[in-house]
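Have a look at these structures, which come just after this line.
Shared chain: chain A. Partners: chain B in the first complex, chain C in the second.
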Partner chain A sequence: MSEMTAAHAQGAATAQIRESYMAQTRRKRLYGTMMLVVFVALMASGFMTAEARNAGGFWGGLHQIGDFPAALLSEAGEKLSELPANLVTYFPALVETINIAAVSTLIGGVGGILLSMLATRGLALWPRMIPVWRRLMDVMRAVPEIVIALVLIFVLGGGPVPAMIAIAFHTVGALGKLFSEVNENASLKPVEGLASVGANWSQRMILGVMPSVAPNYLSYALLRFEINIRASAILGFVGAGGIGYELKNAMAWGIGRYDEAAAIFLLLFVTIVAFDQLGSHLRDRLTHGRKEELLA
Partner chain B sequence: MTMAADIRTADLKAGAERLFRTKRLTAIALPLLVLAYLAYAAVAFDVPGLLGRANLENGARLISDTYSYKTHVERDNRSGVVSYAIEGERKGEYPEGMTPQWVSVAGGVTTVHLPMGHEVRYYADHVEYDVPDYGTIRATPGNGGVNASFPPGDLPDYISASKNRVMVTTEAGRVTITRNRTEVFRYSWGWELFFFTLDSPYHGLAPGVLLGRALNGEAGAIWHDFWYNPMWHHADVAWALFETVLMAFLGTFGAALVALPLAFLAARNFTPLMLVRQLFRRIFDLCRGVDALIWTIVLARAFGPGPMTGALAILLTDTGSFGKMFSEALENVDEKQIEGIRSTGARPVQRYRFGVIPQVTPVLLSQVLYFFESNTRSATVIGAITGGGIGLLLTQAMITQKDWEEVTYYILLVVLMVFAMDAFSSWLRRRLIKGDAGGH
Partner chain C sequence: MLRITQLTKNFGRNTAVDAASLHIGAPAMIGIIGRSGAGKSTLLRMLNRLEDATSGSIQFNDREISGLTGADKRAWQADCAMIFQQFNLVPRMDVVSNVLHGTLNRRSTLATLFNLYPTADIHRAIDILDRLGIAEHAPKRAEALSGGQQQRVAIARALMQDPKIILADEPIASLDPMNAQVVMEALRRIHEEDGRMVIANLHTLDTARRYCDRVIGMRAGRIVFDGTPEQLTTDMAREIYGADASFSEEATSTEIGALDRSAKAAAVPA
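Now for the complex of A and B:
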């Protein structure tokens, strides 16, 4: 008798669980549908707004999308013999673009290391200043490069240096944040050991923290370098030297000189892909190579 | 036995010393290499030449313009009419009969009070400028140019006088006298006419008074005068900000929608066919490798300038990035869940929906939201190239080279916008991913 009531009660409990599970599922499905509807509505209205604000519409322009690349390619094809000469002409500009990216990554990396150490709990020189440095990194990250570049072009005149400073400024903020995340996972024991023998702050950081975090730093810096190559090409387009500037000029020449634009496109594309592949290979070595060494 | 141990110790010691030597060498060589590279870059970038060309005056003007503005008091020396205009712009002109507080008109004499005791007086036929600790400069513009007399002694540096033009630039302001007109610049703090222009009835009212009027049913009119302020164009700026966010939104989420199905075709565990997989991977590489800059230029030819072009450029670049990242995430899914779903007799679509999507959603979503935030910044740059959004306003304001207070305003807005997007995307990430983790 008592067994039967127990089974009955259990059945009721199961039914209740089932009921509440179904209710939860229904609620979740409702939320999911609602979010989907909101998202679709946002996308559709956003598309229509952008469509209305654009000079040429999406549907009107869709069939022309191949026109410019076709013109570019056919002209480049006609003047194929001049391609090597064009590549040689624009190679120095490409080197300048890469130099801008490399110098700004170096300077930004050093600044990022310094700021990240100042902004990590346990490592900071002045613990009370941590929020200040964090905010500073946020602001440096938030200011788009183009803003600084344009202001500096006004003061310093056109050329690679404004772009370099602008990208370095942004890089300090971006790398600083990533580096401080790495620092949080670094062991504090070497730092304490060095502190116990009377090392000052910079010695503690360079000898105690740097060796353990250097591979991660390097990996992030390489990734940033790839991003900075793209950024320096774009900044060239607004007047800061390098291959972007040449591209702008070549585009302004218009039909008849598209072979030069095609050569620049080619250079830029090959560079980006090459550094992308090289960077991902090196990063792979940095993060996984060490593990294999340890296991071996 | 001891011999062998000794040999091993000696070997180890030699090895350790070699390691130390290499390390010591790299410790010196690496910074030297970096320094050498920086030195090369300094030469390649022509830094000395740049320092020579740098226009520090531009910089000083830029900085002073960001926190101050000037009001022009101009007297036409032929007709004798005095006009007042902020920044000398038509839109900033004082209406007829209205003068700034620091100007007094009495008996045909217009007196301009400048800070620090400086005073300029316009008489009917001549101008007097009292400079404390120096004396009174008196100038009579006439047919033969400007006839000026100065206190005895050498002319100070801040006065430049010629037959046709007298210019006095002090900390208090600037006075220029030529045959045709006399002009005083008076500098003031702040951003001029930020809320209301001079022709609005609400100009110069205290916030309390404004609030009172707003409560009395004038809120609409007050808002209208502020929102359509002809100097600062608040409505247009707000729209430009929205357009920038729109570009980032359409580009990022559009790319995610395109990349998701394609990522299945590029993932090893979902597409066993090597050819298809390689084809889609190469497509992703191509999209990523052709930079947003090139996409923008190519697309602007087809779609013309505007936010749609920018959105599509972001969409194409990010389809490449998302495709790569999504397919990597898909390759890392746990097969056990899919197997479990399969054991219930689910069809492939159902297996994807209930076995794969719940696993990868948090990863994908957080990546998409990170990109959304960073694309808000990219959209500013792309807007400057393709002509849309706040990037366009920014470059336009910079090209005029005088509205630096507007440039400062836009920069502030861009930074605030990026902050807001950052906060929003991390809030959404926390909400959605936590909700997902709890649900499954």
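Now for the complex of A and C:
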């Protein structure tokens, strides 16, 4: 008899769990539907607003979207024989662009590491200063590279140095933020272990934190390097030298230098692919030790 | 039912599973034992098709499994549930959603994206959780549960698949003895009550003896023993584990009872 009552009570409890879970599911679905409706409405209204403010009109201009690539490809196709010569001509400019990106990534990375350590809870040297460092990084990220570059070109004159400073400044802010997120997930146990033997702050950071976060740092830094190659190419447009300056000249409408533009695009594309491959290879090498341990 | 013929898996120059052949005629509870690195996990992972075999064949009811691709392969995986040592649940989703993942093979991406599981499935998921004694945790996030409870959620996900075979890869290796017992008893019950085939990798001999109808011993990728628990002598066990005379079954045990046994054994000479 008591067994039957127990079984009955059990059944009632399950029914109640079912009911409350179904109620929760219905609520979640309702929220989901509402979010979807709001999202679609915002997208539609936003599109209509943008369409109204647009000078040309989205639908009217849509069929012309392929005109420039088509013109560029056809002209490059006609002068295909000149492609190797063009590649050789613009290679030194590409090297200059990559150099700007590499130096600014290195400088920005070192600055980013320092700022990220100072701005991470649990690691910071002066915990009360964390908001100050964070806002500093926000400012560094907020100012567009091109603005800094324009100001510096005005002061220092055109050339690669203003571009390098401008990109490095931005990189410190961007990498600092990413690195500090990595730091937050790092284990504090090694840091505590080093503190227990009397290590100072920089020793704790270099020996306790860096080894565990280095692969993530590297992967963010390599991504930033890629972005910086593009940024340094763009800064060429405002007179900071490198391949961007050449691209700006070659891309001008109707002067018949599209073959050179195509060569420059090709160089940039190959560069990005090459550094992407190099990056994943380096990351593999750095994390390989850990992988082997996992498989064992 | 399940026939494995000359199944081999190479990782680079290492051979994880070396020409394993096996025939299982009827649903049974089967334990695979062997030390770590013997190829137990790789064998199960090949059965579930998480891993592709280098050579050899797997047949289930005279259907070739090892060559399936795409939707056929995923349908087989739905029929052949897998339970992992580390549970492999989605930690930030609630328990019932994790169990409902067992039906993903039958649902479209769009339906799962908007959480549109049929009410009948939701009720069945809660009933399965109830059967495993963890229904009261239904709305909690999976990560909020203890290891033993999470493993039972994983078993519930497997049952939700309504599979023909349940593979369990070291299901109790991360659990304390009490939870290990609960999980193993749940697996045994599933075999006895539902008549499903259960194949479990176990790292301790006494668990295999206690819960399994048939024990398979692997060493260095080869199947070196295949028989009933009674046929598994201490000498055979030493052979499987590659151990010398100092090896005793109690030393590998995770059962609470074994502690008493070895304590008694130690007390006798004194």
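One rule holds in what follows: the second predicted complex is superposed on the first by the 211 of 296 C-alpha atoms of A that agree within 3 Å, B and C clash if a C-alpha of one lies under 4 Å from a C-alpha of the other, contacts with A are read in each partner's own complex, and residues count from 1 in each chain.
By our rule, a residue touches a chain if its C-beta (ideal position, glycine included) is under 8 Å from a C-beta of that chain, and two chains touch if they have at least 3 such contacts.
The shown structure was predicted, so the numbers you read here are calculated from the model rather than taken from an experiment.
Trainee: So in the superposed three-chain picture, is A:22 touching just chain B, just chain C, both, or none of them (first/second/both/neither)?
Mentor: In the superposition, A:22 contacts chain C only.
Trainee: Looking at the overlay, what does A:122 touch: chain B (first), chain C (second), both, or neither?
Mentor: After superposition on chain A, A:122 lies in contact with neither partner.
Trainee: If we overlay the two complexes on their shared chain A, which of chain B and chain C does A:14 touch? Say first, second, both or neither.
Mentor: A:14: touches chain C, not chain B.
Trainee: Counting residues of chain A touched by each partner, does chain B or chain C come out ahead?
Mentor: Of chain B and chain C, B contacts more residues of chain A.
Trainee: Could you tell me if A:155 is touching chain B, chain C, both of them or neither one (first, second, both, neither)?
Mentor: first
Trainee: Residue by residue on chain A, keep only those touching chain B in one complex and chain C in the other, then list them.
Mentor: Residues 28, which sit in both footprints.
Trainee: Along chain A, where are the residues that touch chain B in the complex?
Mentor: 28, 39, 42-43, 46-47, 49-51, 53-58, 61-62, 64-65, 67-69, 95-96, 99-100, 102-103, 106, 138-139, 141-147, 150-151, 154-157, 159-161, 164, 230, 233-234, 237-238, 244, 247, 251, 265, 268-269, 272-273, 276
Trainee: Please output the residues of chain A touching chain C within their complex, sorted ascending.
Mentor: 10, 13-14, 17-18, 20-22, 24-25, 28-29, 32, 36, 296
Trainee: Name, in rising order, each residue of chain C that touches chain A in their complex.
Mentor: 37, 96, 114-117, 119, 122-123, 126-127, 130, 135-136, 138-139
Trainee: Spell out the part of chain B that touches chain A in their complex, as residue ranges.
Mentor: 34, 37-38, 41, 44-47, 50, 53-56, 58-59, 62, 243, 246-247, 249-250, 253-254, 285, 288-294, 297-299, 301-309, 311-312, 377, 380-381, 384-385, 388, 391, 394-395, 398, 401, 407, 411, 414-415, 418-419, 422, 439
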